[in-house]
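Each of the two complexes below includes subunit A, the first together with subunit B, the second together with subunit C.
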Partner chain A sequence: MSVLVQIAWILQKDLLIEWRARSRMFALVSFALTTLLLFSFAVGPDTKALREHAGGYLWLALLFSSTSLLDRSLRVEEESGAMDSLLLAPTSPTAIFYGKALSNTLQLVVLGVIALPVTLALCDATLTGSPLVLLAALVLGAMGLAAPGTLYAALTARISGQQLLLPLLLFPLIVPALLAAVKATTLVLTGDPMEQSGSWLVLLACFDALYWSICGVLFGRIVET
Partner chain B sequence: MPPVIQTRDLSRRFGTRWAYSRIDLEVEAGERVLLIGANGSGKTTLLRSLATLLRPTSGALQLFGMDPRADLHAVRRRLGFFSHKTGLYEDLSARDNLAVLARLAGKQAGRSELTARLAEVGLEDRPDSIRRFSAGMRRRVALAALLLTEPELILLDEPFSALDPAGVSQVADLIRSLPGTVVVTSHQVERAASLCQRAVLLQGGQLRWQGRAEQAWAAWRASQREDAT
Partner chain C sequence: MKWFHISGAVGVVLLVIGHGMGLFVAPPEAMMGDVGRILYAHVSTAWISLVAFLLAFFAAIGSLWFGRRGWDASVVGFVEVGVVLTALLLFQGSVWARPTWGVWWTWDPRLTTSAILLVAFTAVLLLRSVIDQPDRRMLVTSVATIVAFVDVPIVYMSIKWWNSLHQDFSSPETVSSYMVTPLRISAFGMLFLMLGFVGMRRRIELIRLEKEWSLQPPPERPAALNLSDEGTQ
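Now for the complex of A and B:
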């Protein structure tokens, strides 16, 4: 069986598990929305500041929620020993990584699409740029979180009771991608007179290419001990 | 025909501690071998190495006459591993779990085949997620999943742990019906010995004794006395 077919099966399996346990997704969405609400309360009734930083709040809410999502996606394999079953099937570790990273990307994009209108409402912001650029920022930003997140989640899921390690390892690594995603999103929300959003998206795509290739190679080293 | 399992001086170290060392073991096709030893004697680590899930630190391991380092996927296609962790997804039903594993193993398993496999373990009429299953029922689903790929070598790690007497009996009957070569570790020495022909005793990570399965209990008791003194 080719690696591409295996990736498709892993993706389908992960999405099926998430669908069957969709109450966890509702909890994740509630967490992201609560985080956004707290940001808006913390800033207060300063509409200008809220509007200017809406992109940042959206991405921070996604980042905080992503740690729970990423941790769960690998913990579900490790706690029941399902990772052993996958490896012995036999499934290539590369296929497991890309299948899981794609599933995590999709879920983060869905979370972003749900959180976006709430961000706009709470921060009194409007879409001034192209929705396509915003969608590209959302997809590329989610990819930037998902690849290193999947890799580190595989590492920390093997250590019981060490869920806090994931954000400690992940957050410093994804700062460049997060910065590019926030900049591209903010330009779509506040206006882009210098047409810089394209450059930020290209930079984000470059980080993604780097993360997805390196993490794909390293994942096998973590799961095959 | 080469032995199904052949190890020479096989050792595995974690940091400075040897989990098992210098293991020489041969298991022929169709043989049923019981691996016994106290907690921490290296049984599970050795079994995971035999299942290609843990690389040995040194020594030689051949499975079906092949080196797993060179033919990893070819070896894995022919073996099945069953641990006290079931290897199943808690949020999926028994049928979904079997379907997922069949697809990943590249096996075309239709609805009727999955139903037949579940019927073999008496769980064909349970559409709910296995989270609601008892420990014994989960073991039975895991065994059904194991048999789906028809492995030639089956490695069972503590198949009776956390089961009540009825569950132990059910799982023992299923193990008795397994085809191919079987290696099993268990603390329920007498029960597991009745399923095997040969027994191997590990003590402090070393292979201390090999003999007929019916002598396993005596060897186990002797090793316990030795450990106590």
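Now for the complex of A and C:
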């Protein structure tokens, strides 16, 4: 089997697992929405401030939910030694990484698409830019969270009772992706007179390219030991 | 008397000379006055903390490549001392920024990157501390160190898009010649002190790892792993 076919199989397998455990996804969506609601409470009923920072709230809600999502995607493989069986199948570790990272990206995008209208409603924001730019920011931003997140979830999956470690490792790392994604999203929501959102998206794409390649190489070393 | 004792002692002597010259011989800074004298401590800490993380990065590659305890202990030494230096750096910077900029903290690229550097490498040490399996711990430490280090320039560039308030890099060309000598001496002093601490920390870690190895040989594949460090010690 070529690597591409293997990636497709891993992606299908992971999405199927998530689909069969839909209640977990539902819990994740509820968590993201609760976080959004709490941001509005924390800022107070200041509509102007809420509108200006809507992009930031959306991404923070996604980021907080992503740790649980990423952690789970690798923890299911540690139960009853599924990862060893996968590797013995034999599946290339590269395929496992890209399959899982793609599955995590897709789930994050779905989460973002659900959380976006809620953010718009809660923060009284409107789409002033192109929805395509917003979708690009969502997909590229989710990719930026998913690749390092999948790698670090693999690093921490075998450690029990240390749920704090994954966000602790991941959050400092994804600052550039978060910054660029928030900037691009905010520009779409509040207007982009200087046409800056394109350059933020390019920056985000560069970050993604770098991390999808480095993490793909390192992942093999982690799961094979 | 080990090499790191000598290195540390040389570092302390150089630091005393460099700081003494900076405090009593060099002229006060034209714009900042005597406050600018923190330069000798602050700039040398900044340089040497980056040197420590750079060496940690190379040691992590070595540890990933050779899988020997000596490399693993070096990574721990460099990362720990780098974290301490970065914490000192942020503290010195705050002390200096208050009278100069009027604020304790600002979202300047260099400040923000240093803060992120500090949390990223602290997380690496925390991650290391909760793994019991020696070979797994070595692998995880080196991978996390490599990824954290590669991230530094990207974080810096991405935050640079915000407006910058920080001084330009201090290099011998941008500083008056009366200030260059104490700065150079302080930087070398800091370098030797850093190497001394790292050497000491590496030695402690090696002893700890060896003890762990002799006390509880892992039940599976004890002979397959080449974790001995006879060649380097």
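Following the convention adopted for this analysis, the second predicted complex is superposed on the first by the 225 of 225 C-alpha atoms of A that agree within 3 Å, B and C clash if a C-alpha of one lies under 4 Å from a C-alpha of the other, contacts with A are read in each partner's own complex, and residues count from 1 in each chain.
Basically, a contact is a pair of C-beta atoms (placed from the backbone, for glycine too) under 8 Å apart; a residue touches a chain by one contact, two chains touch by 3 or more.
Keep in mind that this is a model prediction, so the values were computed, not measured.
Participant: What is the contact status of A:Thr225 with respect to subunit B (first) and subunit C (second): first, second, both, or neither?
Facilitator: Both subunit B and subunit C are touched by A:Thr225.
Participant: Pick one for A:Gly55: touches subunit B only (first), subunit C only (second), both, or neither.
Facilitator: Touch partners of A:Gly55: none, neither subunit B nor subunit C.
Participant: Regarding the shared-chain residue A:Ala89, is it in contact with subunit B (first), subunit C (second), both, or neither?
Facilitator: After superposition on chain A, A:Ala89 lies in contact with subunit B alone.
Participant: Touching A:Gly216, do we find subunit B (first), subunit C (second), both, or neither?
Facilitator: neither
Participant: Is A:Gly99 touching the first partner subunit B, the second partner subunit C, both, or neither of them?
Facilitator: It touches nothing on subunit B or subunit C.
Participant: Considering only touches as defined above, state whether A:Gly149 meets subunit B (first), subunit C (second), both or neither.
Facilitator: In the superposed model, A:Gly149 contacts neither subunit B nor subunit C.
Participant: Answer with first, second, both or neither: which of subunit B and subunit C does A:Gly129 touch in the superposed model?
Facilitator: After superposition on chain A, A:Gly129 lies in contact with neither partner.
Participant: Which positions of subunit A sit in both the subunit B and the subunit C interface?
Facilitator: Shared contact residues on subunit A (touching subunit B in one complex, subunit C in the other): 225.
Participant: For subunit A, which residues count as touching subunit B in their complex?
Facilitator: 1, 6, 9-10, 13, 16-17, 20-21, 76, 79-82, 84-91, 224-225
Participant: Spell out the residues on subunit A that touch subunit C in their complex, using ranges where they run on.
Facilitator: Going by the criterion above, the answer is residues 148, 151-152, 155-156, 158-159, 162, 165, 168-169, 171-173, 175-176, 179-180, 203, 207, 210, 214-215, 218, 221-222, 225.
Participant: Which of the residues in subunit B end up touching subunit A in this complex?
Facilitator: Touching subunit A from subunit B are residues 51-55, 72-73, 76-77, 79-81, 83, 85-92, 96, 100-101, 103-106, 129, 145, 149.
Participant: In the complex of these two chains, what residues of subunit C are touching subunit A?
Facilitator: Of all residues in subunit C, those touching subunit A are 64, 116, 119-120, 123-124, 126-127, 130-131, 135-136, 139-140, 143-144, 146-148, 150-151, 154-155, 157-159, 161.
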